[in-house]
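Consider the two complexes below, in which subunit A is the common component and subunit B and subunit C are the respective partners.
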Partner chain A sequence: MNNEHLIGLLCSLVLLFPLLGSAWNGLVGPVAGRRWVNLVGTASIGAAFLVAFTLLANVMTAPEGEKSLTVSLWQWLNLGPIVNAGQDVAINVDFTIDPLSVLMLMVITGVGFLIHIYSVGYMEHDEDVARFFAYMNFFIFSMVLLVLSADLAILIVGWALVALSSYLLIGFWYQRPSAVVASRKAFITQVIGDVALVLAAFMIVTRLGTLSMPLILANAGEFGHGSAYVTGICVLLAIGAFAKSAQFPLHTWLPDAMEGPTPVSALIHAATMVTAGVYLIARFGPLFGQSPTAQAIVACVGMGTAVMAGIIALSQVDIKRVIAYSTMSQIGLMISAVGLGAYSVGMFHFMTHAIFKALLFMAAGNVIHSLHDEQDIRLMGGLHPRMRWTALWFICGSFALAGAPPFAGWWSKEAMLGFAANAPGALIALFFVGLIVNVLTGIYAFRLYFTVFRGEPQTAKVYAAHEAPKVMLIPVGILGCGAVIAGLIESPVPSFIGNHLWQGISTFLEPVVGHGNEPSEAVAWMALAAGTICSVAGIGAAYSWWEKNRGRASRIAGRLPRLMPVLSFHKFYFDELYDAILVRPVTAFSRAMRRVVEPRGMDGWVRGTAAMFDDLGVGIAERQSGLIRDYATYMLAFAVIGILFVLGLWAK
Partner chain B sequence: MNEQYTLTTDVFPYLLALSAFLFAVGAAGVLVRRNPLVVFMSIELMLNAVNVAFISFGRFLNSEEGQIFAFMVIVVAAAEVVVGLALITQVFRIGRELDVDDLNELKL
Partner chain C sequence: MSTSVSWLSIVLFLPLAGAVALQLIPGKARVLIQGWTVAITLATSVIVGLLVLGFNNAAAGGGPLNMRYAENHEWIPAIGASYHVGMDGLAAWMLALNAGVFLLGAIVVSRRETERLRLFCGLLLVTETATAGVILAVDMLMFYVFWEAMLIPLYFLLSNFGEKNRGKATLKFVIYTVAGSLLMLVAIIYLKVHSPTNTFDLEAMLQNPGPAEGAVPFFGGHLLTPQQFAFIAFAAAFAIKLPLVPFHTWLPDLYESCPPAALMFFAGVVSKLGAFGFIRYAITLFPHEAHDYQGVMLTLAVISILYGALMALSETDIKRIVAYSSISHLGFVALGIFSLNSAGINGAIIQMVNHGIIIAGLFLVLGIIEQRTGTRDRHELAGLEKRMPYLYFFFLVITLAGLGMPGMNSFVGEFTIMLGAFQTYWLLAVLAGGGVILACWYMLRLHQGLMHEPLQPRAEQVRDIGVRDGWVLLPLVALMIGLGVYPHPVSDMTRTTAEHYVTLLSPIPVPVQIIQGDVK
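Now for the complex of A and B:
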């Protein structure tokens, strides 16, 4: 068995384990009992993680220049020579194994595995655990399909399937009307992105005549550098990415998606699916490299979303929504980084963010679990002595999120700032906005910690709070350690150890995404220093406003212009805006259609056709009089007509 | 077949006209009479009008097929009379008046 066959087999396995787990849990799970469901649900992802690890080892040990391998499993559809004569357009089930896809794979299956274990504890009182694990496993399958695919059509299939899994899981508690509405909102927003992606695929295939992504990326230059066509493709791809990654203006679904169970928020709406947009732009890096306009748009939208979500996160009172807005903000930073061509740094932040954000969500889940589904942070407080481990890991996650050295987020965030400081022309403004985002991140991250864990308990529920069970604490602990040390991958420390296999993320990803516009040493150090100062300043501000001097925060908010806290609390009124300009007109239009066009127009046609045949039938039935005389007359008449007709033909 | 019995063009049209006349009389009888027995007789008249036409054509075209067909028609007519008269007697037996316009229940 040669290497290519082996890789093909491993790719199939990493897809099949979650898929079979999902099928088993969905079909047999409800009758097999909770223990079996828990076992199969987690073991399938564990097995996928082991296979992913084998793939990682395979890529790491592959010789230089052969890091990227595409294996072809079978041809799904042959569309024939629809673009160029003699060249068939086909949809192939191809998988790419390269550093980028393997990094994604490791995070999806690794973090996914920990979250699945955590779910065993979180869902222990839920009746529908089999359905839950069926959906979760199916999500992992879809996500793996999305990142492994080497064919644009298959990628879109995975892209749509993760949206489906997200829809199913947000609406998991379908008895709650708010969850159903939230799931629908998420799905509809995602479909906007799907449509954009499909249009981009059409534009690509009409020019290049292929859907194979390695071929598309190799021929990215054929569109012409900076041409309107390539900009159009890139903007459509970016809209797809924005919808999936909750970026402005398609961001409103993510906070509502918190209606799903907390492990879902950790897995789908923090660690993996919402970062698929970052992956998409990084994967299509060569195409975006052809269009500086699209890159600038992506970078600005990302940074704009980052600062907007950061401001909103300052005033939200639902613990999960605060973390959701911080996710939106951090993904904004990643999108901005990949927009600036800093793909390896963006992916690095994706990795560290997956770890510390899953950690924060799961720690928040512990809190919610022990407070019996209380999510309002104003009713918490004083949880630290009651949940020491959870609080400890939550602090680690908050430091990593805020970017305090040497936690994971510090390495990736300051590296992104370095690239922003090196941005061409007016885009250098992104660096300064990035500094503001750093301050905001420090503030909202620690506002959450101080409000939830410190101070006096605000309700009686808090006194009854207890530490989470081990099955929920251990995955949190593992991620907590990750949040502390994961950034060291990119540090100089491992190279001192001298293992030739060890590479930083940027070296590891370099064969796929290149170096980007790397900042000089001086710029990088300057950005690092400025970013660190800002992050620490944010943390300090949070300390002084919510811990040292409680109540100071509201006094400061009172001194600000009245509009700012209101805008922040009401999320800049985006939901109301969309309601006014999209939802209401569409609803009114539909109602008008139902009231006027349907009864008069559509029903008129249908009823008229029915009435016509009804009349025809009655008319013919009335000729049946029962009188032989009548029948004989008809016979005679038609016989005479027939004879005359035949005679007429003869006469010709 | 003897040559002298062959019809000539001057006689043939009159025979066809006779056939058409008999057929028309029969058809009119079927349409206007109400007694089923008379209707039956009219049908027989129509069949025999056709027989006249068959035999005339057979003679005119110097072929036996006309006569053979006339025999077929007679056989079919006899079979039809058996069924038809049976129906009429049954109708008479259940005490119905023998009037075709009165026997109009077979309808929607």
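Now for the complex of A and C:
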């Protein structure tokens, strides 16, 4: 068996394990009992993780220049000849194994596996656990399909299937009307992104005559550097990425998605699916490299979303929504980084973020679980002595999120700032905005920690709180350790081996995404220092406002212009805005069409025609009056017409 | 399969013979009637299946349409009409859909407590012969006869077994479609008179097109050319049958009052015949006119997509929601056809079959829900997932197929259609994309409205589907997934056909015969 067959087999296995797990849980699970469901649900992902690890080893040991391998499974569709391409366009089910896809694969299956184990504890009291694991496994399958596919059409299939799993899991508790609405909102927003991707695929295929991604990327120069056409493609791809990664203006679905069970929020709406947009832009890096305009748009939208979400997170009171907005903000940073061409750093932050954000969600899940579904942080407080382990891991996650040295997030965030500081022209502003985001992150992350875990208990529920069971604590602990040390992978520490400041991830990803516009060491150190100061300042502010001197935060908020806290608390009124300019007009228009246009206009002309013949018949019948003088008149009139007609013909 | 046996004639007349034989069975022997109907439709399906499988190995006819299994006999030589049947890639898939949907219809009806079962089954079989005739005919008079004959059993089905308002709905449908097809008859006669061979044979006509004539002078100005009139007449007949907005108002009324078992094949096949006619007749006989009126037809198609979707969004009767969604989906088919390129036509053929499968499944599910809860009002139904988890699963898959989920069959069709439209004019694909987003909205509104949120009191006692319903739904759902995951074998066959039709479409210079002075 040669290497290509082996890789093909491994790709099939990493897809099949979750898929079979999903099928088994969905079909047999309900009768097989909880133990079997838990076992199959977690073991299938564990097996996929082992296969992913084999693939990683395979890529690591592959010689230079052969790190990227594409295997073909079967032909999906032949689109026939395309007008400008002059050749048949075949869509194949192809998979790419390269450092980028393997990195994604490791995070998806690794973090996914831990979250699946955690779910066993979290969903212990739910009747529908089989359906839950069926959906969760299906999500892993879809996500793996997304990152492995080497054909844009197959990527779109994976892209849509993760949206489907997300829809199913947000609406998992389908008897809650709010969950039903949230799931539909998420799905429709995703479909907008899908359509944008499909249109981008059309633009590509009509020029290049292929949808195979290695070929597209190799021929990215065909469109012409900086041409409007390539900018159009990149903007459409970016719209797809924005919908998936909850970036402005397609961001409103993510906070509502917190209606789903907490493991779902950890897996789909923090660690993996929502970062697919980052992956997409990194994957299509060579194409984005052709369009500086599109790159600038992506970088600015990402940073803008990061600030906006950071401001909103300051005032939210639902523990999961605060973390959701922090996710949106952090993904904004990643999107901004990949927009600046810093692909390896963006992917590095994706990795550390997946670890510490899944950790935060799962720790929050422990809190929610022990408080019997209480999510309002104003009703918490004083949980630290009651849930020591959870509090410990939560604070690790918060430090990593805020970017305090030497936690995982510190390395990746400050590296991104280094690239922003090196940005060309006016884009340097992104660096300063990034510093603001650092401050905001420090504040909201520790506001959450201090409000939930420190101070006095605010309700009786808190006194009855207890630590989570081991099955939920151990995965959190593993991720907690990761949040502390995972950054070292890219730190100067291993530079004893190579002689370079940035190591690990960037060297690993270099064959796929290149170096980007790397900052000089001086700029990098400067950005690192500035970023660290801002992060620490944010943490310090949170300490003084919510821990040392409780109540000071509200006094400060009171001194701000009234509009700012209101906008923050109401999430800048985006939900209301979209409701007013999109949802209501379309439904009202649709109703008006049903009440007026359909019966009067569309059916009206049909019934009108029928009525006309009716009237004609009646009219003719009435002319038959039986009076001789009437008949004589008709005869005369028609005779005149007939004679004129004949004369007319004769004249010709 | 050897060509010495007239397989297509067997496919065509077996159901009719079955219907005649059915009358010998006593009306009280319900089981026998059911069994016989299922047996006949099953036998037809098996033969059709074998014919489709053997399609690539069958000897090609060599005519302009490259018909396989062709049979050509004299019928009424005095007027140049012949009995000419044949099967190309388009007809193959339509016939497969036809056989499958009637088989399902026969199975489903046997479960329902229908009065006068023998009449129903007889009419069902007669309809199958009529629709098969429309698909297989290569002679235009024969096509026309079957096209009109289709209305007769449908009329009796609707007027005998329909639900409330059936009288008005049926009358509207019959008059509407007859008005369209009478126009077509005039055009057919015109074509025959002007064809050099003086026959109704489609292949002969395509081989030797009649001379193109100049525009008709009219009081100093010029009206359309006779060819253009003829194209419009054909297009009107097919646009009504498809239907395209604004010729659609018969459809929601009709679907609403149609008996559920008849709806399976009504929505599954009959409405696709309009699209079939567009491809087989309108664009092949009139390549120039198809290009002339491409803009008009594409506009109507896009309007149908968006209009149907918007209507489905605010409708409350679940059957009418699906009826309007059907208008939207068939707008996609029309969009593909009038893109006039191979991707568009290929997508249209794929989507015709896919939509037949999906709509049959949707009406089946809604029929079950209506039967078990006794209502069709969306507002009176909610939370059925709790009571019907298995139905929920099937309904979910069908819903996803209906909204064009990637990985399901309809995505293959819609993707290809939109690619075809994009090559014609990019904005069309963008507008169609708007239709996809709206489809997602109204399908989820329908699905979630019925399945999610707290259970309504009237659904407290509802039972889940049984094994028999499951066996009917399972093949449909399997096809939806299977054709989405591995569409290559099907699309390869339809693609060849589509490319063939595109070659017929390519504008061939036709000498203009000038009458009554120069009109150019």
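In the analysis below, the second predicted complex is superposed on the first by the 583 of 652 C-alpha atoms of A that agree within 3 Å, B and C clash if a C-alpha of one lies under 4 Å from a C-alpha of the other, contacts with A are read in each partner's own complex, and residues count from 1 in each chain.
To be clear about the criterion, contacts are C-beta pairs under 8 Å (C-beta built on N, C-alpha and C of every residue); 3 or more make two chains touch, one makes a residue touch a chain.
Since the model is a prediction, treat every value here as computed from it, not as a measurement.
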{"item": "Touching partner for A:A537 - first (subunit B), second (subunit C), both, neither", "value": "neither"}
{"item": "Winner by number of subunit A residues touched, once subunit B and subunit C are compared", "value": "C"}
{"item": "Which of subunit B and subunit C A:V180 touches, first, second, both or neither", "value": "second"}
{"item": "Contacts of A:L199 with subunit B and subunit C, given as first, second, both or neither", "value": "second"}
{"item": "First (subunit B), second (subunit C), both or neither touched by A:I82", "value": "second"}
{"item": "Contacts of A:A632 with subunit B and subunit C, given as first, second, both or neither", "value": "first"}
{"item": "Partner chain in contact with A:V157 - subunit B first, subunit C second, else both or neither", "value": "second"}
{"item": "Which of subunit B and subunit C A:C481 touches, first, second, both or neither", "value": "neither"}
{"item": "Partner chain in contact with A:S590 - subunit B first, subunit C second, else both or neither", "value": "second"}
{"item": "Contact residues of subunit A, present in both the subunit B and the subunit C interface", "value": "none"}
{"item": "Footprint of subunit C on subunit A - complex, ascending", "value": "26, 30, 74-83, 153, 156-157, 159-161, 164, 171, 174-177, 180, 183-184, 187-188, 191-192, 194-195, 198-199, 202, 205-206, 586-587, 589-591, 593-594, 598, 601-603, 605-606, 610"}
{"item": "Touch list for subunit C against partner subunit A, complex", "value": "172, 175-176, 245-246, 248-250, 307, 310-311, 313-315, 341-343, 346, 383, 385-386, 389, 393, 400, 403, 405-407, 411-412, 415-416, 418-419, 422-423, 426, 429-430, 433-434, 436-437, 440-441, 444-445, 448, 451-455, 486-488, 491-492, 495, 498-499"}
{"item": "Complex contacts: residues of subunit A adjacent to subunit B", "value": "621, 624-629, 632-633, 636"}
{"item": "In the complex, subunit B residues that touch subunit A", "value": "27, 30-32, 39, 100-101, 103-108"}
